[in-house]
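Chains here go by letter, A, B and C, matching the order in which they are written, and residues are numbered from 1 within each.
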Amino acid sequence: MALLETRRLSKSFGGLRAIHDLDIDVEAGTIHGLIGPNGSGKSTFFNLVSGVYPPDPGSSITFAGTDVTKSPPHAIAKLGMARTFQLLRLFSEMTVLQNVMVGYHTHVPYSLLGTLVNSPRTRRIDARITEEMSELLEIIGLAEYADMPAAELSGGQRRLLALGRAMATRPKLLMLDEPAAGLSPVNVDNLLSIVMALKDRYGLTLLIVEHILKVVMDTCDRVTVLDHGEKIGEGSPTEVKDDPAVVEAYLGQEMDDEEVRQAMQA
Amino acid sequence: MTTTTKGITALLAAGLVTGLAATALAGEIRIGVTMRMVSENGQKYGQMVVDEFDMINKAGGINGHTLDVTLLNDECKSDKGVANANKLIFQEKIHLLVGSTCSSVSLPIVDVTAKTKVPQIIPHSTNEKITQKGSAWVFRVPVSGRYYAGVNAKYVGENIGKKIAYLCAADAASQNDCEAMQAQMKSQFGAEAAYVAQVQEKEVDFRTHMQKIKSAGVDGIMIAALAETMARALVQSYEAGIPASVNRIGSSSASNSPVPAIAGDAAKGVFFTAAYAAADDRPIARLFNEMVRQRYGIHAPDHDFSQAYDLVRIVEIALGNADLKLDSANLAADRTAIRDAIANVKGYQGLASGPISFCAEATPQCRDGNRTAVLIAYTKGGKDYVTEVLARVTMPVDFGLK
Amino acid sequence: MNLLLAPFRGLVDFFQALARIHRIVPWLVAYVFLLPLPEILSATGNDYYIYLTNRILIFILLSVGLNIVKGFCGQVTVGHIGLYAIGAVTSSLLAINYGWPFWAAMPAAVVVTGLAGIIIGLPSVRLEGAYLALATLGLGESVRIMIAVTPALGSSTGIMLIPPPQVGSFVFDDFQKYYYLVMTAAMIGIYLSFSILRSATGRAFMAIREDVIAASVHGINVPANKLLAFVISALYAGAAGALFAHMPPGFIHHNNFTIIEMVTLLLMVVMGGIGHIWGGVIGAIIVYIIYDNTLEFYHIQPLTFGLIMVLLVVFMPQGIGGVIDRYLVTKRFVKLREEKSDGAA
């Protein structure tokens, strides 16, 4: 059984069909890519799977063997699903360390009462969490900014922090929404190497939405192609690249310069 | 934890800032006033107290002492009133406290002045409990609610009828008026209320109640509410089609000029008990009416003006008789002397409906100074309203006490 | 600004050194520092300042509590004064009608107010921003109206003769004695507020304030934590209410709990800096002292306070706490970054 399974997944906004009857399996231990032109429903798919939007009736989402179709986001997160956002959505007024500690929230075992009286147990746990989180910050290279408000970070650092925050939830499945958007080629490579390090270290499954085809082609084991909310192709990166339907969907689209440039990089 | 200390320092700094004490001058008689300085008329009552004290100063003060008057606004809120009283007593080191307008503010201040041993003289509050707390330091110039109800009920039961509907607003004075009236109608005539409506302090819509009152076929409607609210209720009683033959009885605030001004024609025929009638034809009353008209632009002053004026005169008499040292060592002794001097004021004849007398015991009999009420009716509404005096009744001193 | 903050820095360093011994040590030292305040106030000024300090300390409890739901958790509530009223009335009635001592009546009032906090907080599950403000405003005001029309709750005359707290034969019946009570309560309140802020719960609150969706996908139960924030802030309001009610002369009236009081409280939090614990404290002190010293200008007072609030929101949205933060905290990072770039160059 796949780690994440969607069956007949649909979502309409008013009369607009954003996702229609989508069946996707993400196998444990793989890196799964999700590509498609603008407005093809990639972000909506993320929002449905992570519980941010409720899917239309008749849909089914199973994660780690549990039916999560109607679960709220925090319950899904607890099962081991983490995600990033295209627009990051960092907690910008909070410090870098606090950001990743929020990610760790579901794993904090002490009670509010314990905090209030500052019990020895709480202090031990606090110390342990801080240590673990510092280690995580070390991996993503933000350790020395731990006490800085997230808003003060540079663009690339913010992307890394978003990744670190998601990782702090100790996920089985990490879903990355355009992790490389706006990064320089050097930083893209840096990010990819960090992602790979994390995957190996924590035995992650990855689901990546990415515009930059290079990222998808270089890293993914399997790729699903969406267009107008429907699956138009699926397979290994090489299979998908040569699929006429995929080429049609990408090239038949109006593209701005940036997108053309990125497509060419592939 | 970097910010821990900043707050603590600030807290200490707060103490130092407020520590810049206002040093009081010796040789002055310090009077603190806390009143409801919010509505237009409320401000004028407080202004009248201050203006009258100023006139005394201009005329050379009292026994050569000037009066130093501090006026604070309590917004008719008990916590602000208590804070004002404490500020005046401990910071301004006043010899005498004047206040407050609202009963719900005067009530807790009575406890403050009793504890700090500062004489308090009340210009407007009528709630009967104020003088029943047993404080030796409180004096009331207006007529207590217990007397008003007796007068009102007697007149209504004998001249109007016994089937009365009540519309009672939620402010302290109106509630007191409303309950006392019902109790009096019951004890004097055995009459139960025909209909009772409890409404909000600043309610604007009484139509449902008015329809029910209309169908109840009553002899009279008692409308107990503050001025603006009462005026609205009066207008709506006519809109609901309740005929003029059903008498409209007002609570004590019916005397306030916004009632006829806002209610217009609906004010005609409304009668109420008060401590002063602008229709009073004594020369002193005519002079007073003219003075208030010139100074404050009020067509015919209500009893809150006359009580503010009478209060100042009583204070003037008492201070004139008190032997005051007016230095910081004798603050407590001076306060006691002023209290005793006010308690010695007997039979003061001013604008009020009857003579005002106090005595030494800490009882309502001694401290409710005025027990004469006048029954007043509006014969014409609008800004240029006209009143007439229906009756003048003095109640026995123990009336309404259990 | 640097010169102005220099003495603060010395103190900050001193207290930080203390904190290294144990987290509670600076608080104990501060507590001892504050114990002789009434004597100082009485000697340098007069006893009214002690009374004023007590009133301020009660408002500090209120504003620190409000900061938890509004500052930490970002929920715009205008119903806080209603909760304050519930605390005051509950404690008074238990003391008067059932003879409960303050030490039982106050905790009971705190619990009751906490439960009421759930009700005030319920709209937050579905509503945000101005809509939430309106809903909580309605709930808070209906508390006041209910008190105003129910004779058993004091209605128009108010509740009087609320007994002061007592331990054996020691009665907290004057300003100075009451000061020890409210000062202790305020210190505990501020300390707990820091504990909450530092905990996972505090981080959950802030995450909700910063981004609800991001918070929820990182495992935070948003509705439950919003309600928790409302309940915790209600506990503060309940304690403040009980302390206000039992403070001599022991009188409460529904018009102590109007929208004007709510606006004053908001002004304290906004001026101090939303989300800054010390901001709430400083805001309460400043607003109250300004208010007290301008009593004689009652004609223009409400207008002026409203104007200050608008100006603050427009020109200093971070409040005093935010300004201090910018100078004391952010500066460190600017320096850090400069050093980094120097190293890279």
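Things worth noting here:
In this section, a residue touches a chain if its C-beta (ideal position, glycine included) is under 8 Å from a C-beta of that chain, and two chains touch if they have at least 3 such contacts.
All values reported here derive from a predicted model rather than from experimental measurement.
Taken chain by chain, the contacts run in an open path, each chain touching the next and the two ends left apart. Looking at which of A-C and B-C shares more C-beta pairs in contact, the answer is the pair B-C. Averaged Cα coordinates give subunit A a centre that lies 71 Å from the centre of subunit B. Centre-to-centre separation of subunit A and subunit C, using mean CA positions: 39 Å.
Remark: subunit B and subunit C have CA centroids separated by 36 Å (rounded to whole angstrom). Contact with two or more other chains is made by residues 23 of subunit C.
Across the complex, subunit B is touched by residues 7-8, 11-12, 14-16, 19, 23, 26-27, 30, 33-34, 37, 40-41, 44-49, 51-53, 55-56, 145, 148-149, 155-158, 160, 190, 194, 244, 248-253, 255-256, 258, 260, 276-278, 281-282, 285, 289, 292, 295-296, 298-299, 301, 321, 324-325, 328-329 of subunit C.
Touching subunit C in their complex are the following residues of subunit A: 50-52, 72-74, 76-78, 82-83, 85, 89-94, 98, 101-106, 108, 110, 112, 115-116, 118, 144-145, 148-149, 152, 165-166, 168-169. Every residue of subunit B that touches subunit C in the complex is listed here, in rising order: 1-12, 14-21, 37, 43, 70-73, 75-79, 82-84, 86-87, 89-91, 93, 103-104, 107-109, 111-112, 115, 127, 129, 170-172, 174-176, 198, 200-201.
The part of subunit C that touches subunit A in the complex is made up of residues 23-24, 192, 195-196, 198-201, 203-204, 206-207, 209-211, 213-222, 228, 275, 330, 333, 336-337.
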